[in-house]
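Structures for review follow.
What follows is chain A paired twice: with chain B in the first complex and chain C in the second.
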Partner chain A sequence: MIVYIARRMVTAVFMLLAIAFVTIALFFGASKDPARAMCGKPCPPETRAKVSAYMQTDQSAVWQYTEFVKGLFVGRTYGEGAQQVHCDAPCFGYSFPNRSDVTTLIAERLPVTLSLALGAAVLCLVVGIGLGALSAIRKGGIVDRFSTGFAMFGLSVPTFLVGLLVVQVFGFMLNALPYSGFVSFSESPTDWAWHLIGPWMVLSFILAAGYIRVTRTQLLNELSADHLVAMTARGASTRQVNRHAVRGVMVPVAAMFALDVTALLGGSVIAERVFSLHGLGDLLLSAVNEADLSIVVGVTLFSAFLIIVGNLIADLLMPLLDPRIRRA
Partner chain B sequence: MSEPILEMTDVSKRYRTAGGFGRRRKGFLAVDGVSLHVERGEALGLVGESGSGKSTLARMANGLVVPTSGTVRTDGQDVAGLSRRGLRRLRRNVAMVFQDPLASLNPRQTVRQTLENVFRAHGETTSTAELVALLESVGLGADYLGRYPHEASGGQLQRVAVARALALKPDLIIADEPTSALDVSVRAQILNLLADLQRDQGISFLHVSHDLAVIRLYSDRVAVMQRGRIVETGPSDEIFRSPQHPCTRALVEATPEAELPA
Partner chain C sequence: MANRSRRVVPAGLALVLALVMAGCNANSQSTEPTKDKNTTALESVPQGGTLHYLSRRATESFETAKAQMVPTTRLRWVHRGLTSWQTFPDKDTVLVPDLATDTGTTDDGGKTWTFTLQEGLKFSDGSPITAQDVKYGVERSFAPMFQGGLGYHKTLLVGGTDYDGPYDGKELDSIEVVDDHKIVFHLTRPFGNWPWIVSMPAFAPVPAAADTEPETYGEHPVASGPYQVTSFRKGSQAVLERNPNWKADTDQVRFAGPDKIVLDMGLNNDTIVQRLIDDKGEDKTAISNALISPAQFQRIESDPSISTRMANSPSGYFRYLAMNVKRPVLSDVRVRQAINYAINKAELQSVYGGPKFGGQITSTIMTPGIPGYTEYNLYDGGDTGNVDKAKKLLAAAGVSDLKLTLTYPTDVSAIEEKEAQSIKNSLARVGVKVELKGLDGDTWYELISSADGDYDMTTNGWGADFPSGMSTIQPLFASSEIGNGGGNASNFSNPKVDAAIEAATAEPNLDKAAEMWAAIDKQIMEDAPIVPILVQRTQALAGSKIKNYFIPAYPPFANELVVRVDR
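So, the complex of A and B:
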């Protein structure tokens, strides 16, 4: 087991390095010049060249990449003399427009995105599994019809539209929820939740649809499965039978959740925009607009890291839920 | 003579069918006024073509299917009158073996867990020695305890399913096509096992099959079903020798000439 985790970790490191390379290469393929964005409105070519040299963006993508990897271990220093900036050992790059190293920027924005993603994850799991299970138990009933329609709607409507609708209806028309802003949890837990209800609803609305569907079909399969009929026929109580049915449902749900870590991060980019929350997604979007390479690479890598960890956790969880995988 | 282990009187089962526009829900009459009984220690074979209602009828014996009308008395109790708890107690004494062993065993549980579940369902505990003895009584070694269903063959799994039925010593086993999902080569082994259990442990059997040859060799009496009704009953040999009903005749003629190894 430990060997397995170690092997997965090593693979993950190489994967992240490859992702960093692709990101840098793609960035340099784009026509935007980072120095142009930095040097201001009247931008004579000499100043621009100077800025470019200072930010080290005049070098090739391969050079950028090796510098980046080196920076991870020994840190990185830009410029000379009075203008010199240093970025400490695990250096993920320095953002000149923000005058801060990327690690600090990510750490600043992380609580927002994490609050958003974790809350939405909990909400969509509770709603998705709950509605899915209820509709399987009373197949064809009111709950079933409602949640099947709900799932269909959720799967077919784009996130930003739901976001705008929530802002419009709850924020402006009903005046029931705040439509922007973020209050940190340590400041006031109630205000924190209050400001996040809207974004949570938007994010989980889309994601819950999948869980409703998977839970419903899987539970229906399980409940009519021969081995559970056999248990009943041998005298097991409904509760004992249900417990076995639930285990059968957990495996695909866990697998799906691992993949949805991506969707949570991707969805939060849009939700952050709609609700003017300054999280990682917002950081990444503005960085792309300002041609801020360091942030783009940093945030991309960080997201990739979260996704890899999410998948690893799911892979480790799977054998606990389904012993057949343990043997394979 | 003591009371039969299973006695069904004039039972019917109507399944609801999906209604459509302007169509009346008529329902499908799967079992139509059937009466039959299984004496203690007897093996009754229930044959019929597919869709004749034999599985539905068999599942009424342990309350898996609730009859629309008629009474079912199993093990001296009126099944319709039993509470949930009463039904569970009845199922301790009336076991069932299903057609497809791979489907009827939980894929996520070892043989040991599957067997232990029976004891747990009735609030009993068990020991490894007891489980090993149970496996040995169906001709499997102790090493099967740790296996998952996908790690054994169909014939071995059906033996496990029989072991599950035998746990807690039932008086009646309902075998619903116990060999039709198996290879021909292992069919006879499973049937021999069931016949031995009937002979040595005095367990009664309600043996459902579409194959008259199978029924003939391992049942004392035969009931032939067609379209929800029993069309003919009698001792196995007699039915086989001089079938009266056209349906029975068709089944007999469909049986290959060669004898199965006994």
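So, the complex of A and C:
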């Protein structure tokens, strides 16, 4: 087991380094010049060259990559003399428009994204599995028909539309929920939740659809599986049968959940934008607009890291949930 | 787009000339600052209340060294400058002294400028505001860590191009501090608009002793203006309260109405507009920098309780079609004149939302509100164009089966695409085939700002950073602005125009300079390197308890320094 984890971690490191390279190469392949955004007005060529040299964006993609990897271990220094800016190891780069190193920026934004992701994940799991299971148990019933439609709708409407609708209806028309803003959990847990209900609703609505469908299909399969039919035939109670059936549902749901949660932790660009939340998705989007390479690479790597770890955890959980996988 | 600044269109030309010149004569001898705030249209409201500012930008800060904001915006709640702008709902914007006692004097035709600070001015920390603090503030803007602001002074001050800021102990000798109240600027060349340049953010005083953490200085700056920052949460909220050391009788541009200002940052643009439309609770005392989209105009206009709260700019941004004169097919002036006749400007006006919200059709480069703006039309084909005249000119040039490419940015708004399509239709009427090439904004800008860009025509917009031909004509038509990121998208180069631009730039008598710019405007249009299209309006909404909210002729933003809260 330990060897397995170690092997996976080593692969992950190489994968992250490759992702960093591709991100940097793509960035420099596009005709964005970070120095232009930071040059001011007017921007004569001398000023632009000066800015570019200070930000070190005048170097090639290969040089950027080497410095980036080096910075991870020994940190980086930009500029000379009293103008120097340090970024301590492990340095994921320095954002000049934000005047801060990327690690700090990610750490600043993480609480918002974390709150958003965890709340949405819990809500979508409860709604998704709940509705999915009810539909399967009373197949063809009102709940089933409602949740199938609900899932279809959730899968087919774009996030921004749901987001805008929630803001419009609950924020402006009913004036029932705040339309934007974030209050940290430590400041006031009630206000924290209050401000997040809207985005949670939006994200979990979109995500729950998948869980409803998977839970329903899987549960129906399980309930008609031979061993459960046999159990029922031998007089086991519905409760006992269901308990066994649920185990079979857990595996695909857990795999899906691990991926969804990690993707959410990487930042939900649209939900964050619609609700004016400043999490990682918002950070990434602004950075792309401002041609801020350091943030783009940093946040991309962070999200990639989360996804790799999420997958690993899901893979490790599988054998615990389903003994058959353990044997194989 | 990096290339868009601002600019405005006022109404009457006579007014423009009369007023602007009265206010910004650079050589005017200093007078005691006069109180001219009681313009009839400005309502008198008791001081007090809390003003809410809803900003769509998450990067709000009170750092002056890298700011690009005009002097009538929120940065100046906290910071004063050597000079500032006085705006009116019904008159043109004028330059007035701020910290200084006058708008600057020069004895050598605009190469050396002297300013004298008012006596007795104090920072929020109680220390006196001195010439040394102004010098230090300007010096900071040269530090590489503070790039990004309005930097006209950086190439104008002697030694500026080689100076890297005060942080390694070096001073910029071309800023001479004579005594606590007298400061002299030595320029590399005569520059008549220097009095306007010193109204820009970098000319706010910064006491060196307080600049211990330059990177975050803008979050807790020492205030020279009526408000000081009492709380700052980066990317989220700033709270400003009164600076007890600011004295109203030393300041003619700031009304300092509210007792407190709460600035919320990084809000969704559409949410801000919706909140202002709804006008509930604290939003009744709110203003913002949100952009109103054309889709919202109808809703706003149909409801007087909303439309009366909307400020609409009398002037605005310059919108035009640039023709790349380096291309063989466009090198003949008759072809470019034909295109000027061919364009249906009325259709473009409706693409932009019509005369009330979109903008006014124009035929000149400078827009109303810029000193020297003179109405004329060298290629008058009416608002819808003159197809016959265009065809005749093309025939005279011996051109047939003309094919041209038109490039435009696709990621700004859907309007640019419709605009390009309309131009294509206009030119099809005269037998010119246009191929549309929409590009990602950055790619587009690189293309049109490089000397050998592969394109025939591009649409573009422009706004001046200060009201002068220097800030509208020079960046778009001087041959020095071809390539290297410059704004001369037509690749227009005329030695006579260059010489005239240089002379007008140097002229310290701004009345005279305005006349020179007016002549250059026409001189350029004789060569027809562009088709002027519109003077684009801007709009802004305010809560129902906000008073004195208007957009002046120039700049096309509401003056945030005169806003008051009705209780």
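Basically, the second predicted complex is superposed on the first by the 321 of 328 C-alpha atoms of A that agree within 3 Å, B and C clash if a C-alpha of one lies under 4 Å from a C-alpha of the other, contacts with A are read in each partner's own complex, and residues count from 1 in each chain.
As a working rule, a residue touches a chain if its C-beta (ideal position, glycine included) is under 8 Å from a C-beta of that chain, and two chains touch if they have at least 3 such contacts.
Fair warning: this is a prediction, and the values are worked out from it, not measured in the lab.
J.: Contacts for A:Ala133 in the overlay, against chain B (first) and chain C (second): which applies, first, second, both or neither?
T.: In the superposition, A:Ala133 touches no partner, neither chain B nor chain C.
J.: Quick one: classify A:Val229 as touching chain B (first), chain C (second), both or neither.
T.: In the superposition, A:Val229 touches chain B alone.
J.: Going by the contact rule set out at the top, does A:Cys39 touch chain B (first), chain C (second), both, or neither?
T.: Second partner only.
J.: Applying the document's definition of touch, where does A:Leu301 land relative to chain B and chain C: first, second, both, or neither?
T.: After superposing on A, A:Leu301 lies clear of both chain B and chain C.
J.: Touching A:Gly248, do we find chain B (first), chain C (second), both, or neither?
T.: After superposition on chain A, A:Gly248 lies in contact with chain B alone.
J.: Decide which partner touches more residues of chain A, taking chain B and chain C as the two options.
T.: Of the two chains, more chain A residues are contacted by C.
J.: Could you say whether A:Phe172 touches chain B, chain C, both of them, or neither, answering first, second, both or neither?
T.: Once the two structures are laid over each other on A, A:Phe172 reaches chain C alone.
J.: Quick one: which bits of chain A touch chain C in the complex? Just the residue numbers, please.
T.: Against chain C, the touching part of chain A is residues 30-33, 36-48, 50-51, 54, 79, 81-83, 85, 96-99, 108, 164, 167-168, 171-172, 175, 179-182, 273-276, 278, 282, 286, 291.
J.: For a test of understanding, state which residues of chain C touch chain A in their complex under the given definition.
T.: Listed in rising order, the residues of chain C that touch chain A are 2, 5, 58-59, 66, 68, 143-145, 147-152, 154-155, 161, 164-165, 167-169, 215-216, 234-236, 264, 266-268, 270-271, 274-275, 278, 280, 442-443, 445-446, 465, 475, 484-485.
J.: Where on chain A is chain B touching in the complex?
T.: Contact set of chain A toward chain B: 225-238, 240, 244, 247-248, 322-324, 327.
J.: In their complex, what parts of chain B are in touch with chain A?
T.: 62, 64, 84, 88-92, 95-96, 98, 100, 103-110, 117-118, 120-122, 148, 150-151, 161, 164-165, 167
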